[in-house]
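Chains: A, B, C and D, in written order; residue numbering restarts at 1 for each.
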Amino acid sequence: MIIILKPQATEQDANEILDKISSLGLKPLYMPGIERTVLGALGDERILRQLHLDSYPMVDEIKPILSPYKLVSRELQAHDSIVPIGGINVGGGKFTVIAGPCSVESEAQLFGVSEMIKTQGVPLLRGGAFKPRTSPYSFQGLGLEGLKLLKAAKDKYQLPVVSEIIDPADAELMYDYIDCYQIGARNMQNYRLLEAVGKQDKAVLLKRGMSATLEELLLAAEYIINAGNPNVILCERGIRTFETATRNTLDLNAVAYLKEKSHLPVFVDPSHGTGVRSLINPLSRAAVAVGADGIIVEAHLNPKEALSDGHQALNADDFSQLMADIKPFVAAAGKYL
Amino acid sequence: MIIILKPQATEQDANEILDKISSLGLKPLYMPGIERTVLGALGDERILRQLHLDSYPMVDEIKPILSPYKLVSRELQAHDSIVPIGGINVGGGKFTVIAGPCSVESEAQLFGVSEMIKTQGVPLLRGGAFKPRTSPYSFQGLGLEGLKLLKAAKDKYQLPVVSEIIDPADAELMYDYIDCYQIGARNMQNYRLLEAVGKQDKAVLLKRGMSATLEELLLAAEYIINAGNPNVILCERGIRTFETATRNTLDLNAVAYLKEKSHLPVFVDPSHGTGVRSLINPLSRAAVAVGADGIIVEAHLNPKEALSDGHQALNADDFSQLMADIKPFVAAAGKYL
Amino acid sequence: MIIILKPQATEQDANEILDKISSLGLKPLYMPGIERTVLGALGDERILRQLHLDSYPMVDEIKPILSPYKLVSRELQAHDSIVPIGGINVGGGKFTVIAGPCSVESEAQLFGVSEMIKTQGVPLLRGGAFKPRTSPYSFQGLGLEGLKLLKAAKDKYQLPVVSEIIDPADAELMYDYIDCYQIGARNMQNYRLLEAVGKQDKAVLLKRGMSATLEELLLAAEYIINAGNPNVILCERGIRTFETATRNTLDLNAVAYLKEKSHLPVFVDPSHGTGVRSLINPLSRAAVAVGADGIIVEAHLNPKEALSDGHQALNADDFSQLMADIKPFVAAAGKYL
Amino acid sequence: MIIILKPQATEQDANEILDKISSLGLKPLYMPGIERTVLGALGDERILRQLHLDSYPMVDEIKPILSPYKLVSRELQAHDSIVPIGGINVGGGKFTVIAGPCSVESEAQLFGVSEMIKTQGVPLLRGGAFKPRTSPYSFQGLGLEGLKLLKAAKDKYQLPVVSEIIDPADAELMYDYIDCYQIGARNMQNYRLLEAVGKQDKAVLLKRGMSATLEELLLAAEYIINAGNPNVILCERGIRTFETATRNTLDLNAVAYLKEKSHLPVFVDPSHGTGVRSLINPLSRAAVAVGADGIIVEAHLNPKEALSDGHQALNADDFSQLMADIKPFVAAAGKYL
């Protein structure tokens, strides 16, 4: 940790801080300069943070050296993590497609989509039973009934299930019905929710918040692992920027960066990442090429009748095209579907 | 609602949608143009949203006409709402300062700050017992013990209390200790939490999410009121932008806009809104001038020892200066402290 | 164009505007609603904009229907444009790599890089003679001497040259030395500069401004074509967002969107788009997969000695690796290098 | 300057860099840590930047200590600068209003507005003769004829004139007609333009680019002063964020920050900063309260007929109200109009 003092700071101000650093058993450094004095503190930065050095009036700026996360870092584990979802391994040499409707609406709808994606070779089903919606007047999901339908679809089509959790109190209820908890973008920093899924032993697909930095995403994953559950999959789903031509700005820099810094699998959600049906295919191809471990895509046999997000759902023909389009790129990446 | 069709849309495509609109008892409009056909649908847009017209392949764009919120709107209630917090009325001609530490740390700390702000004429105390922290390794608050200290401070100094809630399961527990629930920026779209406080009858201070639009903020307030609790205070606390010189970008446009569109009181949090101690005073003055109903400020007798956010907390001298600095501006605004 | 009136607008207010619309020979539409009155105006929206209807006090909002650009649009020209740079055709089935140093520094430096990229099969050389730098104390480029070196390198290695223009007054001077003008991100809305290159007949590589919307980028291209020069190449080079882990956020949604809306070739600059050397390869692969027509990359034989942007320049080994890495993806995209 | 090495860096890597630092006559520092080695370099950071240490493969990150600007800084000049515009002093204890139309359209229009603002006590006239417009099909200004009208208005009403420059080649032409050059947001990093006005001796009103950081704004001012012209006024005019309820997000944090770091006068443009007529008054009051030295506002006797930006122009009644509204806040700030 580097501590830059204000121009008017005296040697006494510096000594007060250096003593604080020593008192924690860390190594202090004194670097008087021409215009500014700079101090250093070497050691575990998480201990240093407890000093709250930024509260000292003579401290102008604090520059951390080490990243604040540890368990998710490649410095701790150099090789890629493989995360199992109901018997299907995610990560490694395989490129995994997760597909299904935004919301579970009925047995007919869910079974129809399940059959369609199964035919296309998709190994995992997604579907929302609890829907976080911006407006209180929008469809909020079928709840428990939706979970039961997901379980039925899973059993019938042999498709392990990913579904969103929005309340810590639901973690145990959902456990019997699903194979992977999804934490949505709006809840990425809902720490009670992170802890709740951290206490379970099923996989967690953690979506990046719409204005979360990559450091914050990694720290959110750290919460889950720190609570006891190492089976975390990161998911880039587009960030909020000034651009309004697309619903969000899909940040593929993030995928390459996360793969470099963390051993966790990284997915891409091109449906929310673009919000435009015709852009889903090109961005899925790009997700393969940039090194993602998989994509999670919205599909619906009749998008016109979808109760949520129909404008970005792929129908059977679209979906078949998507699978055909990504195939050569998966091969170019040296992976398999 | 205005529906713009793609250039290749036929009259049959248009008729299919017009029929849909009519089928809900709403008024359809057909506007064939030279380059594009435009359709209209007049009536309650919340019904129209159920049509999911954006899922039709020939629909290029949907442009809503009416705002999606209603209960929070000045169109429903033209006059300003007054929201009571433990007997103190917020809104109207009064400019209200809420102050206190970021986190409750100990009796000595909390009572010290309470006495200081009471002396300065502040009517309401803030303090966090449950702290949402970006890192799992940071101080997470005293929990129930913190709530008890807040209650004790309230009783001793006659200062009704505002404190953050982070889990729906805590709503009833907190009810006995506090006078106003605070929903933090990270939880603005935690809908279960919004519903939980919407079922209580105590005031709710709702902070804007760090990348929430004003429409989303108003819809979050709509959730709370729709669940039964009309006592909502909106709070601008800075948004996330590209600028890194300040911790957040305090959006005072938002305050003027919210006062125009909504009857709810609007507060400003200059501590998080700037993240820089020396900028709190000028931005507090600006908050008064732009028409805010109050500010919520972090104060600590010894910021150096604060367990969280010490760098932006005001000490006793700073706080006294703040109160003196805003006074002439409160008068210029035709309000009183 | 859709015109939404304020709730308190009278029929007389509506008529005043409808008369205005008619007076221009356009078709007015009157749509009285329950809560709001909506007006329509059908015809060339560029004429309608001259009405400045947004200045009427009873007008709440204007929603344009047609895009404001025309010459760059696929609605005008459905097939892809091919843009020649010094005899090399850009666009169509070919994926084109443009490479070279950020700044021209010396003959030895420029010739060294030119030889290296030529060996790698790169057809076009980039290099800056005039450098726009954030600080007045940074290296500003060699100017005319740099142009002469570029011309010499071109002649020696048969590599047509792309170089940045920063002043309208330089357009003619540069004409004799270079084959393609580059407009940098900071100058995307420098309209005098756009007009200056619009009067020349050599290609223009137009970089997106760091906070420019895609509509603004297309309008900037429209300026150039409107001034007489149809040889425009669009270039996504990263936008400015809240994320600081990478220098910019490369927006590959933009590439897919631009290819859909415009017939112009679209390039990607992964060097500025990431600002991190190790991320250039994965994002270059993604650029191929998303449908870009080429990339423009910074290369330097000795990045440590580079006078600008050395941290993001590829050396000979890096560059050779890049070319090898993109090859299978170019084939997967059905293109050739 | 602090240089953080990668975990795998050896002592030899460190020594190579330390030698480089010494070779420039600066003081190197070696700080080996447990997980990382950190190096320091003390002295003029502008010299250090020439080392391009970020190009070294073993360098992970560079953290500058000193700000990169100097001439604009309060560290160089502690007291406020006063900038004269045609005999009117800007800055110090006076709050200055600059007003006038977005574009000069005709003598009648310009003289009408000039008389109106003169009556209201406004000391300076603004008006655009050269207009940078997003679309090539929008009104581009009257050019030289506009400048002549501005000069005529100035002479008739004793109102020194502020007008925008968009081409370095116009600097001398404009000199005879105007009293202050305005650099618009889109040209904040048009360095040739900054140098062109830097060679003149008339004041420059420098608007912040719509996604420029405050450091970049200060560096742009540094360009002008470095070229010889110290008469620079900074102007916050709203930044581009995700929020679309207002045209831009007016960043009043910026005003307080700039006043703290720089001795230059700081203005606010509430017309562009909000883009909404009804928000101009509250944000102007806030600009006074936050410590701005003045505002620049668009006014038009008949906004409905304005050829540009009519929706945000104030008419005579609006303007009179604005002046009345800010008056008590100017007094509260201890300033005079």
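In the analysis below, a contact is a pair of C-beta atoms (placed from the backbone, for glycine too) under 8 Å apart; a residue touches a chain by one contact, two chains touch by 3 or more.
Computed from a predicted model, the values in this text were never measured in an experiment.
Rotation angle, subunit B onto subunit D, C-alpha superposition: 180 degrees, expressed as a multiple of 5.
Set side by side, the interfaces A-C and C-D show unequal numbers of C-beta pairs in contact, with more at A-C. Ranked by distance of CA centroids from subunit B, the top chain is C.
Of all residue numbers used where subunit A meets subunit D, over half belong to both copies. The two sides are thus made of the same residues.
Spacing of subunit A relative to subunit C, judged by their CA centroids, is 31 angstrom. Per-chain Cα centroids separate subunit A from subunit D by 39 Å. Centroids built from CA atoms put subunit D at 26 Å from subunit C. For subunit B, the set of residues that touch two or more other chains comprises 211, 240-242, 244. Residue ranges of subunit C in contact with subunit D, taken from their complex: 46, 49, 52, 54-56, 59, 68-69, 132-138, 166-169, 186-187, 189-192, 210-211, 216, 219, 222-223, 226-227, 240, 303-308, 310-311, 313.
In the complex of the two chains, the subunit C residues touching subunit A come out as 211, 213-215, 238-239, 241-246, 249-257, 259-260, 273-274, 276, 278-279, 282-283, 285-291, 328-329, 331-333. If you check the complex, the residues on subunit C that touch subunit B are 2, 4, 7, 27, 29, 31, 33-36, 38, 40, 42-43, 63, 65-66, 75, 211, 240-242, 244.
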